[in-house]
Structure formats: C-alpha cells, structure tokens
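Chain naming follows the written order as A, B, C, D and E, and within any one chain the residues start at number 1.
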C-alpha cells in the first residue's frame, strides 16, 4: 500500500506494539494496585492512591521529564536497570513505559470500581468452601470483575495509543524506534503542508482504537449475557 | 533536530547518505525537549536547535563537541492574516494592530518561551506596538499553532516565521517584520560530545554545503552559508 | 462434638452463647433476630467474635484466649447460607463442584450424581444461577455444601424455600448424615416438624442468649418448653419395626405396646424413633372400641400441668415410654384426670406424621 | 377480581397459565420451579410475557392483543419479593416509606405505626438492611409492600423465613386485608396451613400449567387433591361464635352442633370458618364417652374413597356441614364403614389449629 | 505570598475554575451518556461510544484543533453559540470546554461501570412501588452509583487540572484569561533554567489535585460504610 510511506507504517506498528505492551504489562500491576486500594487498609494507602493518579494531574511533559530523570541512562534507577539488561531510554520499551504510566490511573480506577462492586458475601462463601485468599481471588473475584478489567484495559489501550507528551519527552521521536503515531502526527503538524499526512495517521489511529473498543464491547456484553441468562 | 525542520531534513537525508555513507536518523521534537534529553544522556550526535538559548545552555554544560557549533540557517518573521481578509499593513502606523484586532487576538507563539514568540515580542516592542496589544495576544505552544489560529480565521492576525507560511493557501503575508527590530533569528547546530564525532562533522558540513542550503531556502529559511 | 462459647457485643444486640453438643445434629431454634445466623457465622469464621472458643470434634477452630483462629477456608465447612450465595458466573454444576476443587484429595466424597438426584437439579446443571427459581437456587446451594467434603456442616434454614414434597425428599438425607457419619451438623430451623425429626440436640436462642438447651427428646418432651406455643410439645418413643402388613401398615413394637404406622419402609428389627405430638393424643377413661384409631396405649398418669390458657399437658407412663397429651382443662375436670389414674392414650395412626418418624 | 391469561415460552420451560379468581386472596401453590414467581412477575409487569391478558378489578394491566401494557410503576402494586430486595442505601424506615412517596395523595393509607408494630420492626427503623437478619429483612419487605397503598398485592412466600410465632402475628393481617378491603392478593405459599387459612381461591401449578383451580374450600376439601400428600385435605365448616366460657374455651355453633375451641377472641354472633383437617378426625361407631375430646359430631357417611396407600378418606354429612376423616383401610374394614352408616366424628379441641380458624 | 508572582496566582485560580467547571458541567452529560451506554440499546450506540473515547485516542493537539474548527467563532456551531451569547474561543470557558472534553471519556467510563453494577432487581422493586423511570433513577440508581460518580468526577477533575495540549491549541495562552497551570508550566519548561519555577507550579497543581482526591476518598468511604453497617 503506497498510501503510507514505510516510516508511517513503522509508526503504526510501533504504536500498536507500545500500546499493547503498555496495557498488558500494566494489567497485573494495575490489578494488584486496584485490589490493594479497594480491599486493604495499610499505612500510606492515600499516598499510593495519590501516586497512582499523579500522571493524570501532571502535564505530560512533566511526567516525561520525571521519567527521564528516573529511568534515563544517567539516572540511578535507569543505570541500575541497564546493568541488569533493561534499557528504557530512547527505546520502544521506554515508549511503552511512558504510555503505561500515563494509562495506569485510568486502568486502576476502572478495576477498583469493579472490585468494590463485588459482593464480599460471595467471596466469603468461596472461603467456607475451602478456597484460600488467592483462590478466592482467582475463582470468584477475578471472573466477576472481568468487565472492569476489560474496561480498564481498553481505556489504557486507547490512552496508550494517543499518548504523546510524556512519550516524546522521555524517549524522543526517533522513526522506527520511538516514533509512535502521535509523535509522527506531531512531526507532520510542525511543518508546512504536513496536515494531510497527519490526518491520515489520525484516521489510522482512530480506526485501530475503535476496533479495539468494539471488540471489547462485544466481549464484555457476552460476559454479562452469560451471567444474566444461561 | 527541531521539529520545524522536518521537511527540509527529510529532503536532505538521501543526498547525505549517498555522499557519506552515514545513515541519518532524525529525532524531531521541541528544542527544549531535545536539549533536556541531551542533558540527561540521550545518544545524539548532532543537535539542531530552533532556539539559540538551548544551544547556549548545552554549551555551558560542556555537552557540545568543542568548536563544532555553527549557525546553520536563519529565518524571518512575518505578519499574516487569513487569505480572504488580507490587506497589507504598514507596521509603522501606531494603531495598525488595534484596528485589526477588534474581531480577535493576535496569534503568536509563547512570548516568553518559544523563539518565534520571543523574537516577535521584541520586534513589537521595538516598533512600539507591544504596550497597546499585549493583552490581546493569544500565545500558542508553538508557531504552527499560531498559524493554525489564523488559518481557520479565529485570529485576524498572527506573527510567524516566513518558512511557516509556504504551503498554506489560507493565510497571506500582510507585512514583513524588519529583521533589525529583533535579535537575529538563528538555527544553530552542533555536534554532541561523546557521540560519533566524525559522522557529526560530516553532517554539519553537508548541511552547510550549497545543496543543503538550497533545500532549506526552498522551505522558506534563510541560508547562512559559510 | 461441638463446643461453642461466644461473646460478641454489637450495636444494640449482644451475643452471649455457650453450649456443648454431642455428636449428631444440633438445631439452633429461636425467633427471627435471636442470633442464629450470627452464631453460625462465628463458627464458620466469617464473624470474628470478640471472645470465642469453638471446638469441633476435638479440633479448636478459634480461641481468643490463646489467639488461635483458623481462617474459614481451613475449617472444611459445608455452609448452606440463608440467602443462597451461589456464584453467578458459574453454572450450577460448577457451583456444585466448587468445594471439591479445594478438598483434600483423600477426603471422603459424596457422590455427585446421588446428591443431584436427591435435590432434583439434574436438568439445571448447565444453567447459571440468575435464571433459577428461588427453590432451585436453594437446592443448588445445599448441594454445593454437601459436596464440599465438609468436616462440619452449617445449614441456615436450608429448607425454608422448599415445598413439602421436596422437603420430604431431602430430610432423610440429613438424617443419614446425622446417623451414618460423624460430621457434626449445626442446623437452623423454624419448623417444629423439622426440628423434631432431625435434632439430636436443641439449642433454643432468645435475644442472643441460650434460653434452653439439651437433648432434643428431652427439650421437646418438656411441657414447659414452648418455643412456638404448645404446638411443638411431644414425646419421642423408641420403637422397633416388628412387621409389615398387606394393607400398607407397619407394625412397631415399643415396650409391650404396638403401634401401627403407614409403611415406614424399613426392615424388621430396625430401631426407630417415633414422635407423638401432645396435641395428637386423646385420652379415654375406658379402653375405646369401635373407633378408627388403631393405636391405644394404656398408661398411668404421672403429672398434670395446667398452663395459663385453656389447656393442660398430661404426661403418662406407658410400657412404650412417656407419652404426652394436650387436653383442655375442662376435660381434666370432667374426666377427673390426676396422677396415679390409669387412662388410655388414643393416637390416630395417620397423625404420626411422616416427619415425625426418624431412623 | 383477577383474571390472568399467560403464555410465555422460555428455554426449557413453557409457561401456560389461565385462571380467573374472585375477589379475595388467591394462592399460587406448586412445587419449586413450577412457575409461581414467573406468573407473579408477569402480573407485576416485570416480565413481559409473549402473550398475556391481565385484568385486575376491571382494569386491564396488559393485553398483547390490543398492545396495551401498563408499566409496573403505574400498576400500584405492593410486591413482596421472594428475596427481599430492600434498598441498601435507605434505612428501614425510608424503605417502608418508599412506596408512599409515589402513591396518589388521596390513596387510602395504612397506618405506619400499626404495620411496624405488627411486624415487630420498631427497633430497626433507623438501621440499614445490610445489618438485618434474614427474617428482619423479610418483615421490612412485607411492610414496604403493605405501606405502598397498593391496589394489588403480590406476595411471594412472604412468611417462609419467619418463625411460627411471628407468622401467627402476621397471618391475621393478611386475613383482614382479604376480608375488609377489596384489594386482590396473589400469594405464593408452600405451607398447607397458610394456604388453608388464607386462600379464597387456590391455583395449583405444575410445570408451568394450572393443575387445579377453584375455591379453596372446594379444592382443599377434595380428597383427590393432594398437592403435598394427603396432609392438607380437610373440610371447612361455617360456624358462628355462640359464647365464651370461663375456662378459656369458646363455644361455636354450626348447624345443630357445637364446637369448642380455645378462645377465638371474637364477639358472640361473629361468623367464622373453621377448618378441620381430615387427619385430625377420628371416627367412632358409638357416641364416645369418658374421653378428652370435646367435639363430637354425628354424621351419615356419604362416601368412602380409598387411595393407593394404606389410607382412605371418609366424607360424612353432619348438621354442621361436610366433614372429612382420614382413616386407615384397616379401620374401614374393621368398622365396616360404608355409605349410609351413621358414625361419630371425634375432633380434639386443640387439634383445630389456630391457623385453621379464619374470620 | 511572594513565592509566586501574580501571574502564577492567576494561573492557579484559573486552573481551579476551569477544572471545577469542566467537571461539574460534564457530570450531567457524562451521567446521561453513561446511563444510555449502560442500559439502552439504540442504533449508533457503538458510534456514540467511540465518539466518547475519541479524545483519549487522538493526540490532544488534534482534539484542540477539532474543537477550534467546531466551536471557533468562524465555525458554524461556534458562530451559532456566539449568537446566543456563548463564546468559547479565547475565553476561560473554552479552556473548560477543552478540559471537559478531554476528561469526558474517563468520567463516562467510571460511571458506566457503576451503573452496570447496579442490580436491576432493585430498580424493578422501585418500579413496583410506583416510581417512574426518572424517579427510579433519582431514588435508587443515583444513590447507588454515587461512588462511581465520585470516582468519575475526581478522575475528570484531575485530568482537567493537568490538561494542556487541547487547551492551548483551542484557546491558546492568554495570561489571566486562558493561561492555566499546565500552560504556565509548559512556558517555564521551554526556556533554559525555567525548571525551578515550573516545579513550584507543579507542586501547587499536585497539592490541589491531591486534596481533591483525598476528600473524594473520605466521602466515598463514608458512603460505603453507611451502606454496609448502620
């Protein structure tokens, strides 16, 4: 297809990869955080809660900057991670990290709401039947909050697809490596006459996200149907 | 490199690769973003800034390869208006802006932060317009957004780089801002210390060579040559 | 063996319950809000009582003195909740299997097919709870608890939502559990018939305290025990199946007396308990003849107790054991009933209700 | 007046129910899963049946022929759900008031204090449902429905979760509603005693179809009707309070006969219905003497019907009306019971259970 | 306090105003949308759903640009609104609109999850007691989803406090009129050495959002307590 240049295709592929990873890798941590916030009482809970919401409050540039100062090659954490073979700076992994961080609050909020809506009495029933906490979570809580996980996941995916500010600040905008769709769109918008190319990319981005959204809706609806009827 | 150089650099890249055998990998973002990344260890070889201030900052931090900094190209500021409402302005008239700004603001880039805004404000101060119109300046995060405001007709006037106005049929230049009313608009370039200094040197000289400068000129920039 | 000692103050309601129950089925009896579910929840570990000592078959589940507290999932329970609590995301079958996933592999297993058959939920196995009727949900919940290989069964009004016919099918199952296994059962019920039939031990609760406790036979046979008015007072007689007649009656021997019942479906020689509600017994001064009642027991009056109402409870010693009769004070006067007098207790065959015959 | 015609196929279960009920209380009776709740939901408008015509006191609530369908909130219902469904965010008091917020201002209002008193939920008024016991929830749910100024009451096993004493307090209330107002009541119950006492009309459902329907007196008095085995068969006698005795008994007159009951608490002259369960009646060939039973009715045997089991139902005509007796086939043979024979029906005073006396 | 200049204080006040309005004005529409998506079936439902998520997917600049083309004074909708006295362009109202649009998907998702968790049987019970659909919503659904509304509101508020890209594109940055905290922060970050001034504003922004977050947590917890106990 010569509608898009190879560089743009690269951006599409990269964006997909970044958003998928940001979502998938974020899910377990998000779920854990959401569960802890919904069900446990621990000192510093409000601090954790605040921290989770931080990327939402801060201008993305600031988040990106903070990421750069934490996970950059010169930063202690970044240097340590690099020693054990994980590099974020100026890699697609960094783009995924930035997108994941930005999407995290959305994911956690959705999951937390779902967890809070689960009837504790059902979890108790499972416990009386011999299920330990972990098993209760796996066999009762988790299936019941699946709609919330889907909602959180799709929000995170959409957000990750659209994330720009933190990403470009953290990992810059290197075609084929860190140039996601939004970065590519930005680059096109910075030069005279780039609008139509940008618009194409916007359309692709929208199409991808809408497809994901639609799939999630269908899946969630099937889940609910199953629980309501037979 | 500053994102505004995308088109030009995209056009220059194939020639450069053909001539020197080096791959040219661009990272396009705001000058401030790139400068900070370099400060924090970005693996860059060459930095082309739209803002001499950030190049100064890197130089002070000792991050530039010694003696590699040079002024690559220049630019001009122009006053624009929506193409369908364009009447030439005489910037020497004291209330020239007031008349036109009844229906909306003057669109500029951030006057304290973005180079085009800083230069523009300086020019308006020199011309004596600034005190009258300061309150009706709509500042955008970059020049392109200022252009867009004029382009869709929201702002009756805007101040942007001449290089921005090409390829947008919806805006028309209604006045050139005299270069002497503000500090010279310069896009400096330099090699980064610790990078591939040979390739950086090759690129910097290629960019200053006539071929490249011609491409820049075609995009509305002012070639500075050697 | 079940030993429970609980103290738990709640806003406006203090629970303060201590009882020991021998092996078998222990019924918690009491009015709505008297604390039955609270006790069961404490035994299950769902409520952490302020002060508690709970010992089941020698195993301490909870002891606030020593700080011991076994979490619910380690207690190996089969809890039939008052409100079902089926897992909505699982099919009935998966609900039934739930407990088995976590039971030790070597635990004695109930046969799923048999339980499903008894509960009549075969056609529902692949449905999800949302579309079940109230009684169907409750039956599935009973099945889930029974199939969990429990070492302690807790049942909170398990049969309340069921029709009489279904109850009659499920009750024998609890009887078997009571008699053939050593799994202690703690059972909440409001139905005197159910209590009379199932209970080994009866704990009557009132306002969070034990009002009365003891062996069911004793508590129910006590004319002063009136949990639900006098209608539940009755004597329990130990009998043995003698033989079966062609006309569908079973003959039981109890002491020197014989009793006729609709076929009990048990082999000759089987011992069984027959409960005769005091209000189903009529007294006669002479041995009656030409009447439809087949069971007539001669006995000496031991005691006549009048309550505040128009009635009185007469207890008499027969060769079959003690029998209680509830009559009017008017009859007491008219017939001159008093301790020492020999009278005949007339019991209609069919008034020995099936629920009151237990193996 | 209640006229219901429903056809609604569901996966694996087809509802196909048609019945007309005169004013009063209509009981839906049937085994678990027979479709009782489904019928009630259709009447309430919560289930939109495929084909339906529902008319209450002349008002059509739903008619698929004409496309008329009144939404639930316009039906002015008082629905006591099988599973409570209290609003968890409201206090008990707010739950009770909920229906009143939406009732027309001029609708006849139940007195809140009276209902609260009857249900014994006074101390709970400021609590929220989550902390209530099972029975307390159910009582609050009953109160909420009754206080909604309904024009049609739907009650799905409202008393199943309650103890006998509490039932005895609430039953008279439903009787009053039945007798003193013209609010039709559709009532689901599994308890033969409740059915016998409350039902004007009885609709027996089986597998989604009407198995039997008619006036309760008639259906229950029919020896062939055995919804729960024979234990619910019985005759209903129309009597009148004659006078009250000092020993706490009330004397009723029925035809030329008199019946003695524990004080019924009604003024002399009040007409009332007394149900005598067939199994509480003993037959005697001679007029018995020296017995504790106070009620002896002479009657001519009208019919002797044997079932498949060991029992038989004997119906006899007395001056008080028809009386049914359940005896063994053995007694039928031994006593030579046959139509035309005059026998004496002996009924123990106290075996006329309070639930079976209705005003 | 001379720790901040007057212009910065203006930015703080304006940001608060913008975020509050974006949240409050968004709530009813968000609630309606969430309800429709959760409970109704209508043609084009998936389209509406997609539209709601759009601001999440699009780079903020694009959203800002689309707003400009819709609500600008030259655009048909904007012109119409201006005729009836509502102007968005270059006003704080426009900033609120941009922030509201960007926050909308977050708000709707949270509310929708809550609505889907409400037991329809309770709503049915209310209907049998005479409550019309609207009353059922007001007396049963609404109180039951309050935690979700709070969650949605706080997400929206936080997002609105941090929104930058769409806002500056749509209403640019006019000190005292449309210069919100993120714009001010951005401006500081564009010049070498502006970091410390930017950091001050970041701290203020974080403090405000955290306070709001904490309040919402306390309120939500009180709500749940009430429902669980007495």
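In the analysis below, contacts are C-beta pairs under 8 Å (C-beta built on N, C-alpha and C of every residue); 3 or more make two chains touch, one makes a residue touch a chain.
Keep in mind the model is a prediction, meaning the values are calculated, not measured.
Shared contact partners of chain B and chain E are A. Look at the contact of chain C with chain D and you find the same residues on each copy: over half of the numbers used there are shared.
Chain centres here are C-alpha means, and the one lying farthest from chain D is B. Of all chain pairs, the one linked by the most C-beta contacts is C-D. Distance between chain centres (mean CA atoms), chain A to chain E: 20 Å. Taking the mean of the C-alpha atoms as each chain's centre, chain C and chain D sit 26 Å apart. Per-chain CA centroids place chain B at a distance of 91 Å from chain C.
In terms of their C-alpha centroids, the spacing between chain A and chain D amounts to 60 Å. Along chain B, no residue makes contact with two or more other chains. Counting partners per residue, chain E has 61, 164-165, 186, 189, 230 as the residues that reach two or more other chains. Touching of two or more other chains is recorded for residues 83 of chain D. Within the complex formed with chain D, the residues of chain C that make contact are 12, 30-33, 36-38, 82-83, 123, 133-136, 138-139, 156-157, 160-166, 168, 190-192, 228-229, 231, 245, 247-249, 260, 262-263, 279-280, 282-286, 288-294, 309-311, 325-331, 335, 337, 346, 348-351, 353-354. Contacts from chain A toward chain C in the complex involve residues 121-122, 124-133, 135-136, 139-140, 143-144, 226-230.
Those residues of chain B whose C-beta lies close enough to touch chain E in the complex are 30, 32, 35, 53-54, 56-57, 104-105, 107, 110, 112-114, 135, 137-141, 145-146, 148-149, 152-154. Listing the residues of chain C that touch chain A in their complex gives 44-46, 71-79, 81, 83, 85, 87-89, 98-99, 101-103, 126-128, 130-131, 144-145, 148, 154. For chain E in complex with chain A, the touching residues are 46, 49-50, 53-54, 56-62, 105-106, 109-110, 112-114, 116-117, 147-148, 151, 155, 158-159, 161-162, 164-165, 182, 185-186, 189, 198, 202, 205-206, 209-210, 213-214, 217, 224.
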